[in-house]
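I've put the structures underneath this note.
Heads up, the next two complexes both have chain A, just with different partners, chain B and then chain C.
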Partner chain A sequence: MQQEGRVTRAGALNAGKLMRTYGTVLAGILIVIAFGLLSPESFATWENVINISRQISLLVIIALGATLVTAVGEFDLSVGAMASLGGVIAAQMAVSGMPIWLCMTAPLLIAFVIGYLNGWIVTRFRVLSFITTMAMGTVLGGLTFWLTGGSTVFEHIPDAFRRLGQSDWLGIPLLSVIMIVLTVLFWFVMSHTPFGRRLYAIGGNETASRMAGVNVSWNKNMAFALCAVLAALTGVLMASRLGSAHPTSGGGLFLPAYAAVFLGMTAFKEGVPNIWGTFVGAAIIGILANGLTILEVPTFAQDIITGCIVVAAVILQRLGRGER
Partner chain B sequence: MPLLEVKNLDKKFGPFYALKHVSLTIEPGEVHALVGENGAGKSTLIKIVTGVYKPDGGAIEWQGRPVIISSPKHARELGINVIHQERQLVPSLTGLENVYLGLPYLQFPFGLGVRWKAMRERAEKLKRELGMDVPLDRPAQDLSPPERTLLEILRAMMMDCRLLFLDEPTAALTDKETEMLFRLIGRLKSQGTSIIYVSHRLDEVLRLSDRITVLRNGTLAGTLPREQADRETLVRLMTNQEARAPERKGDRERHGAPVVLRARGVATADGKVKNAGLEVRKGEIVGLFGLAGAGRTELLEAIYGVRQKTAGDVWLEGQPATHLTPKQAIRRGMVLVPEDRRSHALVMGMTIRENMTLPVLSRFSNGVTIRGKRERAAVSDWMAAMKVKATGTEQTVGELSGGNQQKVVFAKALMSGPVVLLCDEPTQAVDVMTREDIHRLLRTQAEKGCGVVFVSSDLQEVLEIADRIVVMHEGETIAELPNEGLTTEKVLKICYDHRKGGKTGHAAGR
Partner chain C sequence: MKKALMVLMAFAIVSVLAACADGQNGGQGGGAKQKTVAILTPYLASVTTNEMVESLKKQAAAHHWKTNVVDTKGDFGQLASRMEDLISSKVDAIVLVSTDPNQLKGQIQKAAQENIPVFGCDSGYIEGMTMNATSDNAAMSKMITEYLFQTMGGKGNLVVLTYRPHPGVLKRTQQLDTMLKQNPDIQVVTELQVQVPGPIENARKQMESLLLANQSEGSITAVWAGWDEPAIGAAQAIEAAGRKDIVVVGIDGTSQAIDMIQKGSPLIATVKQNFSGMAEIVAQQIDRVFQGQPVEGTELYAPASLVTKENAGQ
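Up next is the complex of A and B:
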């Protein structure tokens, strides 16, 4: 009798667990089917798939970085400002005639130092990362305006600078290829290397990690540094794609990036930031934007829908856990 | 008619009795001391009478009428208050705001604002009546420790307080501050408030109380009027004379073995450890004992490098090891099994595998990736060796029982192949079987040549397992005894005889 009861409960638990782990993915698929039925001639085409992959590429890359910082239980509010600064530095270097490879990599090195500094302030002085990175974002915004005088950098940008953001490889945009490569790379880092394991351990229980001999400060600093590098790369790629760099261009990516991370926390690993979850989250946000635009839904309504979906996904997962 | 009468109170946690048939009466205006070893049931008794726990048996009568105290709020309404060991104040609020915390504010009609002036006058009046000297306009965080204690007592007295529990009130006080507190207790008593005074400091108890109740292992060992009580009697009552510690065998003599861990003159920044040291030989189990607040956990943490040291030296296998991080400690063969499993030892959301290998991840890595197969195999082996009951290596540790979690903690510690194993209350809140398993494991480790430091609040347990016992008192190591013919009584006597600065003059009476 007792045994039987336990089996039934375990069965129910498994179904619930399946919903909690894959519910978000399922919702994403449903959204795709809905758009496909509503607008078969423009949404469900190969061209549009390629299009969506390009549209979400920048969001995915910046959100990957935010995933690392969220995994160690911290926040980086400076990713948007970091992206803007990265794009502006790259564009200005290109305008001044420096080699393109240097224009693309120098901002990443600078970002590494800035990100590490974020982490150092947080770990060394125990300042809340929320405050540290908000202040850092303000500083970076100021630097960007100082460098540009507040105007868009677009004159005299060499064609070679645009190549990365605008060309294709075997019919697939290079941006999409970079997105896929980075997603796979960071998935590997987070789930198959000691570094990734330690980041998750710190996020799970910082004190226990320290007791177990994990160098908490160093690992956190590295998470912040990598996050900043990915943000700067996003800015560089955006400048390359647009052929210009605007001092606030990255700001618009900040909220969607965290929306993707939080949506991603409801997928695959319950309540834990994870790389494929973030990818799915960014994809859902991108597909919604794309499909709703095709259906000629105004932008403000799109924002309202996206925001509601994030909250709904988190609430549904909480409810699923509560049933246990 | 007694103020409070407690009859045959029982309280069980799982299969264990925390209190068994405990009876107690408190007269109005009486100072009644409650003493006993760690875990004797003092806290449980306080929590039942103040409505935190529900008793499993027995009855409580309040002013002659049977009552069921349903919540702390209910207890306060009856007139029962506790001053806990840890201060229960909001640091950023002023004294006055803290005094009125949880009390209704005096308001102008129709809720048009708070009558701060009237509230202040009421508090000041009571303050004068009690002869207290504590500022009400400064935030609690700026007050000295005794001022905070006074503030809490003032808060308790704002409502009609008939019975006041004081739980180790002098632990953070200097002798002068203690005198001030005692004068206040005298005044409360003369107003008719009864006091239950819980303390490890027997000379204070003997000086203050009208009667003294001794608890032992959750049972009532006796209630004595002060005239019949002295230090010897109390210690004898606290220790169970019937239970003899099993003799440690002579074959565990380790005098010749090399010293694997030596600490000397250790002090910590927060003052919890003042001057402590110990020596552990290869193959030896050293029991570290002290009453609550003696600084045992803090000493281990200081040695392990997670608590900041201001003085002292540490050697590991003869090499200096004073400024280690946990990472370096583990690499050099010293590992700590922390007291608090949930918050210090395990990542609850991770799997058994991920938790176990966390300290030794680099061993399962080829420089870039984790070798999953080797990792899983090693974890499976350890789970089998430790008899961890789980669905497999991939089960989340948060889903395991307390005993099985503790086994994971031990496996994790032993995986690093330690030469020094520091264990802080490793058998706390685990079942009897696991407790036996852990004892056996510690002996095996010692026989393999590991040096073990074993901390437990259960003195009987320490005597069962240790080769040598180091006694701590208020941050200092005060004695080191080979475990030959030792009894709980002897060890406790050392703890209670050792007063700060060796002062014993207080005992002379009032």
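Up next is the complex of A and C:
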């Protein structure tokens, strides 16, 4: 009798653990089912799956970078401005007739330096990353306006520049392929390399990591640098997708990127930023935007619903952990 | 208990979604062939964009079309994504309001392939679209700039508040550039890009700083603003600083600007755009397309008029 009780309790515990670990994923699946039932002819189609994968690709890529910085317990508020700058530099280089591979890679190198500088200021002078990167974002915004004179760069952009953002590979958008490759790559880096483990160790306890001989500054600098590179790549890909670069195009990605990271922290690894979690978080945000638009829900209601879901996910995860 | 809570929350989310969708479908009133017109804009918070969207909704209601307004708050990546969603959901027409269509080339081509007509309301016209209704931005800029230069007596120091990323404002500013070249006695003190959203507040701050830096009389003669909101902000700063020697002009003819002109603020003139007129033109052309007729032109203009203190009350 007593044993039975234990078994039931153990079962409940397992179910609870399952909900805590996969609750966000389950909620995502529920949302997909709900949209599928409400709009089978538009939402639940292969074409729309492709649509969503392309639409979330940019958010996922920029959010992967935010995940790295969040993993070491810091914030990078300049990701949106970095994306805008990356897109503008790439588009302007393309207009001036430089080879496309160079247009696509030069912004990433510039971003690496800027990101590393962000990290260096934070670690060297022990300034809050919140403030440093906010200031850097303002600087980058100014640079972007200076480069463009405030105008959108769209005239004389060669067709080859649009290829990456607008072409398909075996019927799958190249953007989606890039997103998957980068997600797998960064999942591997974060989970299976000493670098990834060091980032998590720093995020968990910086002092202990330092005592254990981890070069905290260098690892943090690299997290900021990679974050900036991914942000710039997002900007380059967005410019390629739109066939134009708007001086504020990246701004809209900044908050959703962190929303994806926080939603992701409620999935898979409890309370820890993780790559697949971020992917699921971005997917939920993307699917909500797509599905609600297809259902013709007004924009204001979309914002309310999306915000509530992020808050609900975080609260549920806390409740699941027994914290109040 | 916790599990139950989670399931409850999940159900709540799903029911909210369902309720929203039902609410939308309920609006159809059983009319199976009711046309759906999607209105897409990145700038719904802007007074003038809002006026056009409201007018379009009114026109659509009169034609018994269903409308669906999508706003992406300045985000063009989102705008592209949402337009793809609308194409997937096979709406009958898409209207882009205050949007640079060059940034949606791919989506506009896709809509054309799916036979969904794309209209512009104060946007721009590119291949693949059906038509665009707007004001002639160059003509409006010419009208207000001529008036301003006359008021200045053909000489003085000018502050330019603009936002070149917006296609319409860019055309106005380029017209100003041309006219400045023809009037060499008018010097540009500085050209500032006004932040959007929040243009009134931003322009006010910019102007406050400029006034501090240029305190002597005549150091700034006038302010040319690319649209009314920065003109309002600049005029407020000038009024607050008690400067009587500076005049401001704007473009658009918003009710707040006209009210200020009437009351004798530093804002002395604007050009009233006929936003409702543009929405009416677009609605007429949508109707023609729905009835299988060709549009009357790809770029149609709603005529604008100069508003000064003399006629502001009319």
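Going forward, the second predicted complex is superposed on the first by the 309 of 324 C-alpha atoms of A that agree within 3 Å, B and C clash if a C-alpha of one lies under 4 Å from a C-alpha of the other, contacts with A are read in each partner's own complex, and residues count from 1 in each chain.
The rule is simple: a residue touches a chain if its C-beta (ideal position, glycine included) is under 8 Å from a C-beta of that chain, and two chains touch if they have at least 3 such contacts.
Note that the coordinates shown come from a computational prediction; the quantities given were computed from them, not determined experimentally.
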Following the superposition defined at the top, how do chain B and chain C come out on chain A, clash or fit?
fit
Under the stated touch criterion, which partner chain does A:Asn215 make contact with: chain B (first), chain C (second), both, or neither?
first
Pick one for A:Thr278: touches chain B only (first), chain C only (second), both, or neither.
neither
So, A:Gly204: does it touch chain B (first), chain C (second), both, or neither?
first
Touch check for A:Pro194: first (chain B), second (chain C), both, or neither?
first
Contact-wise, after the overlay, does A:Thr266 reach chain B, chain C, both or neither (first, second, both, neither)?
neither
Regarding the shared-chain residue A:Ser176, is it in contact with chain B (first), chain C (second), both, or neither?
neither
Once chain A of both complexes is superposed, is A:Thr123 in touch with chain B (first), chain C (second), both, or neither?
neither
According to the contact criterion defined above, which of chain B and chain C contacts more residues of chain A?
C
After fitting on chain A: smallest Cα gap, chain B-chain C, Å
22
The residues of chain C that touch chain A in their complex are 2-3, 5-6, 9-10, 13-14, 16-18, 20-21, 24, 36, 44, 66, 68-78, 80-82, 84-86, 88-90, 100, 102-106, 162-165, 167, 170, 193
State the interface residues of chain A toward chain B in the complex, per the touch definition above.
188, 192-194, 197-198, 200-201, 204-205, 207-215, 271-272
In their complex, what parts of chain A are in touch with chain C?
12, 15-16, 19, 23, 26-27, 30-31, 34-35, 38-39, 42, 45, 47-48, 51, 54-55, 58, 145, 148-152, 154, 162, 166, 238, 241-244, 246-249, 251-253, 286, 289-299, 301, 305, 308-309, 312, 316, 319-320, 322
Mind pulling up the chain B residues that touch chain A in the complex?
304, 306, 325-327, 329-331, 336, 338, 343-350, 354, 358-359, 361-362, 365, 368-370, 372, 412, 416
